[in-house]
Amino acid sequence: MGRRDERLGVPDGSPQEEGLGRRDFVKACMMAAAAVGLPASAGLKWAEAAEAGLKPSVIWLHFQECTGCTESLLRTSSPGIAELILDLVSLDYHETLFAAAGYQIEEALHQAMEAHAGQYVCVVEGAIPRKDGGIYCQIGGRTAIDILEDVASKAAAVVAIGSCASWGGIPSADPNPTDAVGAPQILEGTTVVTIPGCPANPYNFLGTVLQFVALGSLPALDDKGRPLFAYGRTIHEHCPRRAHFDAGRFARQFGDEGHRLGYCLFALGCKGPETHANCSTLSFGEMPDAWPIGIGHPCFGCTEQGVAFHKPLHQEAALPENAVPPIHPDHRTSPSAAAAGVAGLVGGAVVGAGLMASKKMAEGGNEEGSS
Amino acid sequence: MTMDRRTLLKGAAAAGVGAAVSTATRVEASTRPVAPPDAVGMLYDATRCIGCQACVTACKTANNMPGNLYDPPNDLNGDTKNIIKLYESDDEKSYMKQQCMHCIDPGCVNACMIGALKKREYGIVTWDKDRCIGCRYCQVACPYNIPKFQWDTAIPEIVKCELCNHMLARGEEPGCCQACPKEAVIYGTYEELLADARQRIADRPERYYPAGDPQIFGDTEGGGTQVLYLAGVDFQKLGLPDLGDEGVGVLSRTIQHGIYQGFIAPVALYGVLGAVIWRNRRAAKKGGSDE
Amino acid sequence: MSEHRAEPVGGPVIFNRFTKFLAIFLGLWVLILAYRFATGIGTVSGLTDGYPWGIWIAFDVVTGTALACGGYAIAILAYILNKGKYHPLVRPALLTSALGYSMAALAIVIDVGRWWGIWRIPLGGFPDMGSYNWNSALLEVALCVMAYVGVLWIELGPAFLEKWEATSKNSALVGFAKFGLKFYDKALIWIIALGVLLPTMHQSSLGTLMLLGGHKLHGLWSTGWIPLLYLISCIGMGYAVVVWESAVSSKVFKREREDSMLISLSGAMVVVLGLYLLLRFADIVISGKTMLMFTSGVLSIMFWLEIALFAIPMVMLMRAKDRANFATIFKASMLIMLAGGLYRFDSYLTAFNPGEGWSYFPTTLELLITLGVISFEIFLYIFIVKRYPILSGTRAAQVPAYEGRA
């Protein structure tokens, strides 16, 4: 950490100072790319950019937050990887990690904004209060609203990390006394990538930011700005306990037989069906089962507005309807061309034969008849 | 001779037409069908159902049928004896469980000429594969369209819920009733369930349909069913047909029994026909008229 | 002078392009049937749980047996109403009926899913004797049809016995034929009476069958009078088939036609058709379904089409002058067959609505199987009339080397 403190605010420094050979460095970059779901070519691009000393700037804003998202990010390290990743970007403003404070750090912010205007990535952590002009969160005399609008206006991309920055999180829980909202609600009209979660899974954040750094593009987003690669499905769709749900095996009380056997927690209020996240497939801190359901507690929907900090923990979730058929499923078929053809032919032949026969009968009528 | 023949002919015509006319008139069944005294059934309360479909999987397991919710059925079929469906409109929503209603006067039992479908123990309508010839008249006759046929096999069966009677014998409840996490569908004796349903609508009349005067579907519909339904929306929106109180098979039965009661009419007609033909042939042989 | 003695037409069975084509088509048909029995009904047909009965039932069985009621109609005329002058028509009509009903039975074996159990039906479910369900209209139809098929072939017995007696080299067969013909002389009455009773029973019950569909059968067709309507229309269809068959076979086999008999038949047709229309309208109006005739969309059109097909021939035959023209009778007969056929098709298929989400149209293989059944019947008809004394007045019998053209 000591090394990092020195380097912070001084955007220079080569990974080779750590004693990594170039080949190892490139390999490590490619592994890091794989870890966040990017192609190996992205890793290559990072390595090249780092060598050229081109490290994109990141300005990280904190508002109404607990810093859990930052803490979560810090715990991504397998030895060396985290530092590498942080070396791939230039963290130019971060209130938790900087040694500087007060006027010094505000000056750093100002300088970074000027030096990298239009190029830096603005990361937002924490909700922004709007009540009474936003006075309930001020840094250096400026309201969070002002700071955010200022920094975001010159950013190349805005990424909101954590549920608080994505839609308001805990500060926005009823009665929401400060009228806390997320960054997208302040920056209407701007594309804000949201990485909700409480905390957000750091790899979702890393994958997004590093894609932007390497390829200059953002991953595909849903209508709430969430990257589809992480938030495209609900927990319910990917849950390791799903088979129990489908078979009707439920834990009814903490500690009962079903709970011990790892049965589905739906009856205990699991919000998996309503929650878009990838916790079941991408562990926190590289620990398997290090997530609520993994340890036997129902998911409470920390990524989802209207669920987390809103619906009671043990209230049953609503189930998605896309798997339930309608009252009158559509079983209709249309005739194949061949069948229609045969039927038509036969019908035509019958009518034709009838007409022909009656004509023949009319013509030769009295020849054959006897009286 | 001509006079005799004409009279005979009139008599024959009268016998035939008279029989047909009298039976064509609808005759009320003299007794209303009643459930057997040990009748069992299910009570499905759609207001409690959450659409989790555990019952669909449980039914497949209990009946050894292939399939699961990863490749879910969208209707009852040759592999699916129980299904959950969804009714949704702008302001209403309700799930619906579909399976055999185990009618008290079933159309399918009335239809099956060889007794493959019959109400057996506890009033459960079961299918006997040793008798069935696969004519599918039961599919025509069921107002709820429940019996399904296995179309894509050389040895097809008729498939429908049989209330897990093989499990009842072991003292276990039907698969769906065991699996339901909300007890939206429960198993019990017909009397108990009917009383339970009545109690529910008495306790919370605003919860059920129609508001203010809630009804139990299956109490009288189609002569009554052993599977009873409570819902918060119109039963027709859940796919249940609008049936009167008359048993499903009553009309057809009335006509059949009317005409063929004790085989009197056919035998009588046969006798008349035979007599007429005999007379005509004797006249032909004697009088040497047209041969 | 017309020759009233029945003779085999003679000549080879496959004698022209048409019969050659028929034979080839029947070969293909057998392959399709093998496929159906090996893989199931769903693979060859468009039948579904919503429409479990399709053209195999609606056409081959229900319409087919109604068209096969020529024998029934002729039997009533010849033996009950004692119009002895119809006798030359009896055997060909009986043959068409016997074949028609046999083909209907074949269609049933093709249609049912567990056909290997069909033997239980006539044997009372043996050894499980209590399994007959007397509430079922289908039981009565099945038993009656099975019995009637037997009766028809028994009624045709004399044709086979006569041929064996006349031409067989096997003395045992000749002895059997002589004995058989004597038996017929005594027992014919009771066989023919059965042959009139049985169709009366099951042709009406074929209508009753669809009543069990309840609300799935549209109101314009669903009525307690349906058995009578089916019976009346069947009688009309039977007469129409006799007219048509007589006309066609006289052309094909170069025999004389019985115009005078057929013309007086048509007078009865007017009454039959009128009765049908009267009953149909009376029932609809009295049960308060009048508006349905106009407000049922496509079904209204089908209804009025049926009515037209019954009414037009009735009008065509009303005047004695028109009845005297054979061409008119012939056209009217075809319309009557269409009328009865459409009525049955509608009550079994078109007016049957199992609910939303279902549709039915036969598949190509399903249609080919039906066509094959019809072709098989035609083939057997040709075979039997050529080998056995069915048709009378055939000039072919008098000109040995004659080979007709279709």
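The first chain written gets the first letter, and so on, giving A, B and C; residue counts start at 1 in each chain.
Here, contacts are C-beta pairs under 8 Å (C-beta built on N, C-alpha and C of every residue); 3 or more make two chains touch, one makes a residue touch a chain.
The structure presented is a predicted model; accordingly, all values stated were derived computationally and were not measured.
Here the chain at the heart of the shown protein, by mean C-alpha position, is B. Ranking B-C and A-B by contacting C-beta pairs places B-C first. Centre-to-centre, using mean CA coordinates, subunit A is 70 Å away from subunit C.
Remark: subunit B and subunit C have CA centroids separated by 31 Å (rounded to whole angstrom).
One inter-chain figure worth recording: subunit A and subunit B are separated by 52 Å, centre to centre, where each centre is the mean of the chain's CA atoms. Residues of subunit C in contact with at least two other chains: 48-50, 355. In subunit A, the residues that touch at least two other chains are 328-329, 331. In subunit B, the positions touching at least two other chains are 239. Residue ranges of subunit A in contact with subunit B, taken from their complex: 245-248, 250, 266-267, 316, 319, 321, 323-329, 331.
Put simply, subunit A touches subunit C in their complex at residues 328-336, 338-340, 342-343, 346, 354, 357-358, 360-362, 364-366, 368-371.
Only residues 2, 46, 48-50, 247-248, 250-251, 256-260, 325-327, 330-331, 334, 355-359, 361-364, 366-368, 371 of subunit C touch subunit A when the two sit together in their complex. Residues 4, 37-43, 47-50, 52-53, 79-85, 87, 108, 111-115, 117-118, 120-121, 125, 128, 130-140, 142, 189-190, 192-194, 196-197, 200-201, 204-205, 208-216, 224-225, 227-228, 231, 352, 354-355 of subunit C are the ones touching subunit B in the complex. The residues of subunit B lying in touch with subunit A in their complex are 50-55, 57-58, 61, 68-70, 72-75, 83-88, 95-96, 178-181, 237-239.
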